[in-house]
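Think of it as A, B, C and D in the order they're written, each chain with its own count starting at 1.
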Amino acid sequence: MSDEVLRSDRPPESGATRTGEFKPTLQLGTDHDLCAGCGEPLALRTILESIEELGLAQRTIGVIGIGCYTALTSLMDLDLIQALHGRAPSLATGAKRMLPDRLFFTLQGDGDMANEGLQEVIHAAARGENITCVLLNNGVFGETGGHMTATTVLGQRTKNTLEGRDATQHGYPIQMVDLLAPLGGTAYAARGSVHDASGVVKTKVMMRRAFETQMRGEGFSIVEILTMCPTGWFVPTAKGPGYLNEVLGAVHVTGEWKRDGRLLRGAEPEAPNEAKERGAV
Amino acid sequence: MSQRGHVVIDIERCKGCELCIPACPPQVLRMTGEHNRIGAHYPELLSGCTGCRACWLVCPDFCFEVWQFDEPGAPGARPGE
Amino acid sequence: MEREVLLTGIGGQGVQLAAQVLARAATAEGRHVMSLGTYGGSMRGGDTDASLLLGDAPISAPPIVSRAWAVVGMHPRNWDAALAKLRDGGVALVNGDLFEGGAGDAVSLEATALATAAGSDRAAALVLVAALAGATGLVSLEALVDAMAASLPSYRTEHVETNARALAAGFEAAPTGLPVAFEAAA
Amino acid sequence: MSRRFMQGSEAIAEAAIAAGCRFFAGYPMTPFTELLEHFAAKLPAEGGVCVNAESELEAIGMAWGAVATGARAATGSTGQGLSLMQESISELVRAELPLVLFNLARGQGDYYQATRGGGHGDYRHLVLAPVDLTEAVQLTQLAFDRAECWRNPVLVYGDYLLAHTAEAVAIEPVAFDPLPSKDWAVDGSRSGSGSPRNLNPIGMVPGKKGIEPERFWKRLQAKHEAMAAAEARWEAESTDDAELLVVAFGSVARFTRFAVRELRAEGARVGHFRPVTLWPFPSEALAEAARGVKRVAVLEQNAGQMIDDVRLALEGRVKVVAIGGISSDDAGFGVGPMLEPERIRARVGAALAGREVQP
């Protein structure tokens, strides 16, 4: 590697092909106010590119929960319905029943889906509602500044678990994909992570499979995406990906959990002490 | 060093998270000491880019545009030099 | 002219169905009819009442009545309150099988026994309303049978035949000497 | 059109379907239950959908999604279930979605809930209170029309008596003026166009960072003021020479109106006023009807809620007395002992004579 610095303020004058545009086609701009190192815009890319690549742009409707990612909706060149905190699966249900040939996805955080709206998503899955629910899981309420959610891992420090989440006081984390995958109405369930480039690529594969499952009318699909929240985790921005992989990823295991209606992986019940040690920063 | 790829960096959008630095397989991105209008340091491009898009995939602020040269090492492959 | 009919009993006796059958039958015969069933949250065992207003003209009165031209008792529990609303010269009719020792001046009919003979003890309320209809000319037996068939939900249609026999039995067993409901009625 | 004998719940469901309602979601609760049953039985044959929601929260969420696609949709419950729905109702107002809601309540204790709402923020929606099945059939259709006209939820407030009373009614379609096109609805067709639709309650505009709550909500305030000016409905009778004006709404007004008609027939100078819309409350019409009366008597089946609106309308010009009160059956369903023609007549008679009525 040489230390020669190249100009990077403009494209090559000739002899080159653009292989990656600043933003996905279905994105209206690039300006957003989410924190440095946030994983949610990466998840947004996987969603928007999957819709575009499947040729579903003019047939897609998003139903958006409430969290940091809500601010991203102004970037989305999609017909959208803004839901209340936790209620996106119900809204998507009613809308999908009226327009069964459209692609519907919900976008929800862990506070939205696993705390406030847990019942909603479980029932939508059990009903086999032909929608795709996308969970952006960073284990904290990012928008309020880093508070414990139902997916916060044991030992994780948040503003209301300053000594780390302790099972005796705060209970155990809910692993959403593990919970939803076994339900009869769930056709596809997967958990990806955007902590590195290969994770982003794999997550996009999951997103496409979930959308394809829905368009084939096979039932409920869930894609959980682990996203960095260095602000809410109180870790240096550049350490976000590593923290995600080692701490959250150890509890919320990535991979496909159900495909073509077949369970692929079982959940390992975790021992509190081990996890606390693992999660302690 | 021959260039197979090139990135355009929208430095004014950069928030300085540095996620692109470890993500770059040929390690041709480096944080500058300069800062942009919001006060964030931003990456600069060194020679040796392969156009692999790893930076583009992990950038939360959509700062990267990626190009592949039709013929690596061609004269056009040294933009702005 | 308006005729008020009160039915009283306990949940599970078929009081609401009987009221609905009578109301639908009268509607089919051209009457203006309003009915209201009141019952608690539990389906069985609680108090249950039904009030019907049958008239020659649209009914502007509220669905709850203060006075009744006919009072039909399936169970003694709320009988006194219902009977207190009976107009002078009105009709009081009870299921004698469940009113031990009778019910004062009320006409008593062994409705449960008649219903059992027809195939189901659960049809006693239908026996009673058919008897009321037969005795006063309130509605015809044909209208009652048609209304009963139309009133049963899809998961109860196997009871149509038994209920029709119960209605016929009640109509035939109608006590005599009761007032005529509508002077011009058939 | 032929009359058919049916319960209020069935008549409301049929009227809603006749008005084009194609989506319903609900959770059983007495006396709302039969409304859900009738939608479940009838909607599929009309190409519609009825979802047995797992909670009232989900029911209103589903109906929200359906109405956002431009479909005519409704949900409802009993007052208790409506309590759970309040957050959604207030946000639906701000998202400007024309959802129709039914409260088949246990009595009239939900007047405040219906007209003030238990939700957050500044919001208003029409409240229609039918007196009987025939009017319920009309007002149900009106609810869908007004909801779309204003892009605002509308609540139809009935009760146990309305739900469970059966009469022969005809589902006569009501003719309405043409409505504006539903170009606000989401169907996915604007996705990828550069100008998609975003149905949200906070003034978020696609392509524009941030939200504009103040501008957005001030516009809603202006709309609600226009609704208040345009939508008041009422029924007044025998008010010209009345000394006593009786005010009641919903099913209870059927009792008071009957009593007033009987007393009128006997020569008593008593009039009757019934708000058909509880919001907007027909204040001006009431003030007009009350002109010259000695006393206004409010008979409502609760501890005294609508009486506030009556007093606000009359601004202290006339003495206002309460002659109703809480009255419940043992099950709590609101068919209390007060609801009996002779007892209601006695209360009206007492007010006419200037005697105090013990609630």
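The criterion applied here is as follows: a contact is a pair of C-beta atoms (placed from the backbone, for glycine too) under 8 Å apart; a residue touches a chain by one contact, two chains touch by 3 or more.
Please read these numbers as outputs of a predicted model, since none were measured by experiment.
One finds 87 Å separating the Cα centroids of subunit B and subunit C. Centre to centre, using the average C-alpha position, subunit A and subunit C are separated by 62 Å.
Put simply, the C-alpha centre of subunit B and that of subunit D have 61 angstrom between them. With centres taken as mean Cα positions, subunit B sits 26 Å from subunit A. Chain contacts: subunit C has no residue touching two or more partner chains.
Chain contacts: subunit A has residues 31-32 touching two or more partner chains. Listed for subunit B are no residues, as none touches two or more other chains. Contacts between chains trace an open chain of neighbours here, each touching only the next in line. Here the chains touching each other pair up as A-B, A-D, C-D. Residues of subunit B touching subunit A in their complex: 1, 3, 5-11, 13, 15-19, 21-23, 26-28, 40, 44-49, 51, 53-54, 56-71, 74-81.
Taken together, the subunit A residues at the contact with subunit B in this complex read 1-23, 27, 30-32, 34-42, 45, 194, 196-197, 200-201, 230, 237-238, 240-241.
Of all the residues in subunit C, the ones that touch subunit D in their complex are 20, 23-24, 27, 32-41, 46-47, 59-67. Within the complex, the subunit D residues that touch subunit C are 3, 5, 30, 160-161, 164-168, 251, 254-255, 257-258, 261, 329-331, 333, 335, 339-344.
Residues 25-26, 28-29, 31-33, 51-52, 57-61, 63, 71, 73-84, 87, 89-99, 102-103, 119-120, 123 of subunit A touch subunit D in their complex.
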